[in-house]
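Both complexes below contain chain A, partnered by chain B and then by chain C.
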Partner chain A sequence: MRVALGLVLLFLIGPFAVIVAASLSAGETLAFPPQGLSLRWVEKVFEVESFRASFVLSLTLAIGATSAALALGVPAAYALARYKVPFAEILRLIVASPLLVPGIVVGLALLRYLVVPLRFPIVLALFLAHTALILPYALRVVSASLANLRPEIEEAAVLLGASRAGAFFRVVAPNIRDGVLAAMVLGFVTSFNQVPVSLFLSGPGVETLPIDMLGYLEITYDPSVAALSTLLAALSLAIVLIAERFLGLTRYV
Partner chain B sequence: MSDYLRTERLTLGYGDTVAVRDLDMSVAKGEFLALLGPSGCGKTTTMRAVAGLLAPRGGKIWLDGVDITRLAANRRQIGLVFQSYALFPHLSVFENVAFGLRLKGLGGAALDRKVAEGLTTVGLESFAGRKIPELSGGQQQRVALARSMVMQPKLLMLDEPLSNLDARLRLEMRAQLQRVQKETGVTMIFVTHDQGEALAMADRIVVMRAGQIEQVGTPEQIYNAPASPFVADFVGFETILEVEGGRLKTAGGPVSLAGLDASVAALAWRPDGVRLGEGPFSGVVRGVSFAGATRQYLLETRLGPIKVEASAALMPRALGEIVAFDLPLETAAKVGTG
Partner chain C sequence: MFEKRAEAFVLIAPAALFSLAVFVAPVLALLSEGFHFEGHWSLQPLSAFFASSLNQAVFWRTLKIAALVTAAAAGLGYLAAQAIVDIKGGGKGRMVAMVVLPLMVSPVARTYAWIVILGRTGIVNRALIFVGLTDEPLRILFSETAIFIGLLQLLLPLMILSLIGALENLPRDAVAAARVLGANDLQIFVKIILPLTREGFAVGGTLVFAGSMTAYITPAVLGGAKVLMLETLLYQRVSIANDLVSAGVIASLLIVMSFAANLVMRRIAKARTA
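Showing the complex of A and B:
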């Protein structure tokens, strides 16, 4: 039992430990075990111009796509929970489809049928693709918190003098707040770490951070990519830990 | 006066089903009315329509001299205590009770005083700071009651107010509801499927069946003179025999009964109204159950199955024993007399 648990942990944490160690290397190439210890590659990360640009794009994209997905997902979840929506199950399936279809297919399809023939701006295509990828999370997580809420509490609010909209904002919104925040965190992390879809929707000057890293690695084989990975993993971990601490994120996933 | 709340040919439904048809009902100001009926009879639907949560298919609703049929629910000044209580889980007890008052623009000391009054009425004055999930079912219900009462509604409705409580709490809550109603004089309608509750609490009872009114009357009238075999059955008459051509219609053919009034639709007996041990009829004991002060028997007779309740002090009868019994006219309820 213990051995099995140890192996699972090693399997999960091992690669991460290797990358952290490699990023602290003093040597010139990406290698494990590291040759000597230094922070020079961590410093290098902040000096690479393209990393800065792609970081800003990734950040903007993650925030924009998450907001858009929530703006669509919250009303959709509400409608599905409260009203008899025709073909509700099929609708759920369609919304969930970006999760089921391989990212490569989604990315290629968007490139082939949107960007190339319609001369669709790449940034906009990235934004649409990421929104579609996050939407299933937004819908599922918000639906889960709505399921715990009795529809009568809105009627009770109305009978106490609230309007329909007032009832939503006064008694529904505060009760699904945690779910919405959880969806936000999940959406942000999903978009920020997204590779397969973004791969097809990158071009000169338009690269998300993970794609930029991939490209960098093909040309330069130094430990700065490991250093950047370590920084990003630490950032994601921090976000998830904070979310777990305050929202109990694991309830939703 | 007796038309404080009135419905006129009210017809309600969901989708393709009609739940209530042409309902004419009236409630007097200050009255404590029970809407009694089995589940699915349309009583909760009626309540929702009166509250404005369901738009009627047809008919009108009048409250305090005003036609409220098309008035929005949030302007009807009608309170409703839901069966599930429908408290706001993210708010404290105080804020739950204050919810409607705040929407009215009340604040500060006036709000504090009103909420405190409301909580005192239901005996929860020390619970203001509590969170809803910390409360028991009975306490949650009292918060829901206080939340509606502080709004001083023109009409307060309660949906199955006692069904989620255990037996002891139920008696307590019964007394509390009656006290609140008498103290404040609020017009109150409560929906229930429990005839015992309706008889014990209401000034007047409306018995509903399949979307229509079966009988309206005081608890005494309903209990002693049910208007139909359905109502008789609902209020505990176990033996109901229709009268046809001056004789009782039974499973084993017509039976004559001396002194029978041929104008009634049926005669009905409660188990304790059937006399055991003597009389013109006989039956075989098919079931016995001890109920403290009494013993209940199920007899198989040529009139059909008959339930009898006899004092436990009498000699018990054995299963399979043949016993004599009587259906006395003086203990019979005349069902459906004009």
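Showing the complex of A and C:
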């Protein structure tokens, strides 16, 4: 059993070691084991103009869409947890529906029915699509935190003279803070790594980083994509380790 | 509980309206393209889609790969999840974190790793040539095998996480009792563990099966332009031929099959008393 677990973890994590090694190669072509060690491909990543632009777009998009999804999701999660809402299940299903539909379909649908006929800018469509995609995660994670918070505490605050809004911000908000932060991390990672939704929503000058990488892979297999993958993996690792340390992120996945 | 409905609606309406306008309406519009012919509702596009032998091959390949990935993930998932559940103390959390971590890394990076490993000059081919099993590098990339391996690595963590939850809720005495009564490992797995963890398996199975069918990057990068799955076929039809009708049909097929997988898995979960 232990041996099997070891092999499974090797299968899951081993490939990352291979990318890291390949990205440190001094040679011209992708190879493992690498031909000599150098940082030339890591340096090249920072020199490719399109990678810089798409990184900035992906970062802005991830932060913006996560914030928007939380602004919509937190009040909805709160209402679903604290009020007797008619059709609650249907409302939950509507908000959760982006999880049930392949991302590529979402991207294409937005392109055909928002961008083309209504002349929406592609960046705006990307932002809306990513927000819709993160919203179900935000709702689920925040709902889970609210479920652990007894409503009596809040009712007590209201009985003692706090306004409803005051009770929310001073009693509820501090208690669901970890859940909201976990939802932020999950939302950011989901948006930043998202490919299928963004696939059709790209145009001249508007490409997210993963789409840019896929396009680059069609031209060449040189080790710069390995170097970029290594940097991105390190970034994700850092975010997740910090989140795990302070929030226990794995509870929410 | 607070009873003011108006308040509740003010809080929920933005999220619900947003999802309806940005998501539900456009997607339904796209799906309906696949059910119109000469201005009327019709199943003609569906039968036209399946009349092509290429489309049929892609459909069956997608089902086959998704089923194989789900089966392999279940096998490996039970072994890994049981081993993790058996760990005592703080090591368990670290193991769970190791399983979750890959989920957080860009799927482009994860798929790209397999190009390095399976390519003509990759480790696998070098090892095969070194051992003398082959003289020429094998063509492993751009095949169903490559897609299978890539998808399994991508989705296995979801199965393991679902099974850890199920195995942790398993009554410990059940396994111990069976062992005292003389059951061997295989009997314990088939007669005790499997029936008692069916719900976790159903959740993980749905995630892996639907995930295999709707993954785009893995078939695009590891399958190439020739070994298509439904997602890559959809992309090709739209980007090359602007064929929205096929897109509507494929999108409907993907959604229907994801739901069907969910129903089948739930049946499996409920059949525990049989």
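Operating definition for what follows: the second predicted complex is superposed on the first by the 253 of 253 C-alpha atoms of A that agree within 3 Å, B and C clash if a C-alpha of one lies under 4 Å from a C-alpha of the other, contacts with A are read in each partner's own complex, and residues count from 1 in each chain.
Definition applied: a contact is a pair of C-beta atoms (placed from the backbone, for glycine too) under 8 Å apart; a residue touches a chain by one contact, two chains touch by 3 or more.
None of the values given here were measured: they were computed from a predicted structure.
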**OP:** Once the structures are superposed on A, label A:203 by its partner contacts, choosing first (chain B), second (chain C), both or neither.
**Re:** neither
Original post:
Counting only touches as set out at the top, which of chain B and chain C does A:121 meet: first, second, both, neither?
Top reply: neither
Original post:
Touch check for A:152: first (chain B), second (chain C), both, or neither?
Top reply: first
Original post:
On chain A, which partner touches more residues: chain B or chain C?
Top reply: C
Subject >> Interface residues of chain A shared between complexes with chain B and chain C >> reply: none
Subject >> Of chain B, residues touching chain A in the complex >> reply: 51-53, 73-76, 78-80, 82, 84, 86-90, 99-100, 103-104, 144, 147-148, 151
Original post:
Which residues of chain A touch chain B in their complex?
Top reply: 149-150, 152-153, 155-163, 166, 170-171, 174-175
Subject >> Residues of chain C defined as touching chain A within the complex >> reply: 1-5, 7-9, 11-12, 14-16, 18-20, 22-27, 29-30, 76, 79-80, 82-84, 86, 93, 95-110, 112-117, 119, 121-123, 152-153, 156-157, 160-161, 213-214, 216-217, 220-221, 231, 234-235, 238, 244, 247, 251, 254-255, 258-259
Original post:
What part of chain A is in contact with chain C in the complex they form?
Top reply: 1-2, 4-5, 8-9, 11-13, 15-16, 18-19, 22, 29-33, 72-73, 75-76, 78-80, 82-86, 91, 94-95, 97-98, 100-106, 108-110, 112-114, 128-129, 131-132, 135, 139, 151, 164, 189, 192-193, 195-196, 199-200, 210, 213-214, 217, 221, 225-226, 228-230, 232-233, 236-237, 239-240, 244, 249-250, 253
